[in-house]
């Protein structure tokens, strides 16, 4: 089995790389903060000293970075991907970034002869750990086929969506809907509570109806307890809302509900909740102080 | 088996009464437009000439009316429920109404010695036909227990929520979340389409993720085809959003996403879409004319 | 000069009654909390023991009450207006109430033979003190003409708007625009501050441009200092937003900006700011804690 | 008197350059579509063949371009500003652009030894014609002082706001407030009309109250007649809303009212109204078809 490179070992990246190791892939990993690599090395991973070193060693390399800035740095900086990418090598960026960032990376990689796909995922920590992500790939179709064995381990389903940019866009659309839903859910939980209804009964009722969904089931009980351990940090959700709204702006799509949801996430950030789970937007709906 | 009364044979009421008949209940029905009774009579129902006549004949009577005005009329008008309700008789209002309307009806019924529960449902035409509603009952607990055999036929689950008003409130909370979600979904479908993505693929991706839910699955394909056959009319959804927002207003709960969704439903009403399915809010997100 | 009755001596009512006294009108006043009458008595007012007593004594009576509940109580309660209103007597309700409340009062007064106008005002404490209100009268045109000398003292301009309800509606439309503007202003002040600009310079720039207006000029400096001494209490502004939105709902007018502004006022209420000036909505835009 | 350069003769630029000519300045103009220069030549202007040619000839040059793209092109393209800018020459960009664009231009100009100020204006066509703009300058203070005689002709007041970027930001804050107010105003006009009130009377009432402002007075009558001759094109207003929201996003400032207003402007663009005056957002509030 070929060696796979893996750049970026945050919450998501670590779970994904671990999954590849568990399924017998040989993986060379790199992370800016080196200590994040330790647990993976214990499970058999090799360390690459720079992104370039990983690229040099592997036929294709997966990246999972926290935001557009990080995704660009890893490619363009000294010791970055570009220094070693070349014909016959593939680069798969699974970070959630905007279409423009993805295009920049794509152009840089392909101009060096490398092949590129963007492949952002739907799903956060738990699905990453369980290999249950949904993978939204776009770009070089041959590289997509080459990476399918890895995608089959990382996700329950992968889609090939055509030209570079489409994966990022699909991801943004899904996350935008999710962000609006989370706000609707938070508003409902607080409204129930303030109206003298049991939020727990609301969860039970919701779970039986037409809008029952895994997110409500998974997040609801902890939200009722004001517990927001970060599976998907709020500041990243807000970034996705912003990027989705920007995409809507380019295409003259009015999205008043997403816009309202985005402002609530911004309110949450202004309250210092950006590093908690995105369900912490719940706090913006609650009373600031005693109600009058 | 006792005779059950049934008042109101709209989309929902007809499906529910039919279900009772199919499961062997004896049912006496009334509807303002008499011709709506025909199909039920073919399946064994008896006709009552007025709400009062139905009440007189039956130990308990279920009502399923389109809005607060209709729910009040049936009780208070000449030939209405109040003329015959008395000790030992029960009245079960399954319409979706505001808490104030429900309270008025409750007070009137109980002041005549009757027992009352409100029991609004979660679910629209299809679940009504399939006996898969979720029933949110509140009021007289003895009447609730008496009606359980009927509730077991009409719904997959019933909750007893305490004092009168709580059923109405729970229903509003659920429908508010649903209305916001429908807007988020519509915005996502249009954003995908305008951004060069396949709305059908979006439906597939959504169905695999953390926010997969029956409503998206059921409504999505017809929305993609701009088809909005009314299971739950938009004007009724907007009414529920309005009532939920009013409940939030009473309790100082800020609900910016629900408020934005409500305005979109109002926009849809101003476009003449009030009698279509509530998924027709999708049309408010699309371009009015050619985009510039 | 005829005796004028005056019911309700809150912030607004007191300033208005005082103005009438200063301009030589004989005024009989009533207030639920009697001590509020003292200052007026010092300036020559007579006290009526009940609303009915005031009505009995005066050819026409002006009421300025805090909300629909208070406006209804004064008319319908024991010792209320209805007990003494009769043919030849006029009742002028200058409170800001919804159209429905105004109609109820109108019907009650006219069914007793009295004449009625609603005459809500535009303007808060300062314009009330200075006799610079704008008066939005509707109802009995003869009573309007009779009251013109008083209106000329209380306001800088009065409009006769036709049938009862139109005054209330016009007031709501104006206050809705005002409430949205106050939110826009608050957002701008915080955005300037957080972006490294001087809020005071923003006030100077605004005051020179196309959107310069007395409200920004009057409220801006105190808002910059987080000072919200109540000229127009936030909870009353929020009530007006709610009533305006309800009017829009009846008429299928989508008002997404007013809806967003209303939610911000509700957020402010949930933070315990309901009794401060409506400019305190400014606090909802600021950071909850340290920003992240 | 020194020769002043002027780049960009759109609605605003033409009025401004004409003003300079009328007040005795010698002006060399350039516009991408050359025919726009004719009227200015008749009034004494000289034509420069390229931006570079204008820069070469003049001690300082003013630019007034339609958007960030145009502002960047004029500087960086072949025959652009950079080819001739040098120590001792000044460049004053009065276009409304985002802070990032302004910074790019500033860096390019100053790296060539030139001095730079950004100086966006508050005010549209009419104030431009009347020399009544408000000028928001930031950057090189010496150049600001040198340009003061021109600013005194173009505007009624100029502010020096410190470092480059602050002019752009101040402009965005003002335009954001203006855009939200225009939406509030539109909602009010439609609400009045649909509620049976005269929109013209609403304009009269507004003009007497605390929120009276020149924009309502100037735009109101034409909006009532659904006339939207472009003084400030809607697509440019929407661009400013977008940029202001982006600035708020960077600084964690929740701006729910501005966000709702922005979506309404986007809706207007999706209806093909982008080239009309920004007051055409009024059309988004009206009924799409007959109301139901």
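Letters A, B, C and D name the chains as they come in the text, with residue numbers starting at 1 for each one.
As a convention for this text, contacts are C-beta pairs under 8 Å (C-beta built on N, C-alpha and C of every residue); 3 or more make two chains touch, one makes a residue touch a chain.
In this text, all values refer to a predicted model and were calculated from it rather than measured experimentally.
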Open item on the list: Hop distance check: chain A to chain D, minimum number of steps through touching chains?
Closed with: 1
TODO: By the contact definition above, name the pair with the higher C-beta contact count: B-C or A-B.
DONE: A-B
Open item on the list: Rounded to a multiple of 5, how large is the rotation, in degrees, that superposes the C-alpha trace of chain A on chain C?
Closed with: 180
- [ ] If we define chain centres by averaging CA atoms, which chain lands farthest from chain B? Would you check?
- [x] D
Open item on the list: Averaging over Cα atoms per chain, report the distance between chain A and chain C in Å.
Closed with: 51
Open item on the list: Roughly how far is chain A from chain B, centre to centre by C-alpha average, rounded to an integer in Å?
Closed with: 38
Task: For chain B paired with chain C, centre-to-centre distance based on mean C-alpha positions, whole Å - done: 39
Task: Residues of chain B whose C-beta touches two or more other chains - done: 248, 252-256, 259-260, 263-264, 267, 269-270, 274, 287, 291-292
Task: Residues of chain A touching chain D in the complex - done: 238, 242, 246, 248-249, 252-256, 259-260, 262-264, 266-267, 269-270, 274
Open item on the list: Can you tell me which positions in chain B touch chain D when the two form their complex?
Closed with: 235, 256, 260, 267, 269-275, 286-292
Task: List of chain A residues in touch with chain B within their complex - done: 122-124, 127, 134, 136, 156-157, 159, 161, 166, 169-170, 173-174, 176-178, 180-181, 183-185, 187-188, 190-192, 194-197, 201-202, 204-206, 208-215, 218, 244, 247-248, 251-261, 263-264, 284-285, 287, 291-292
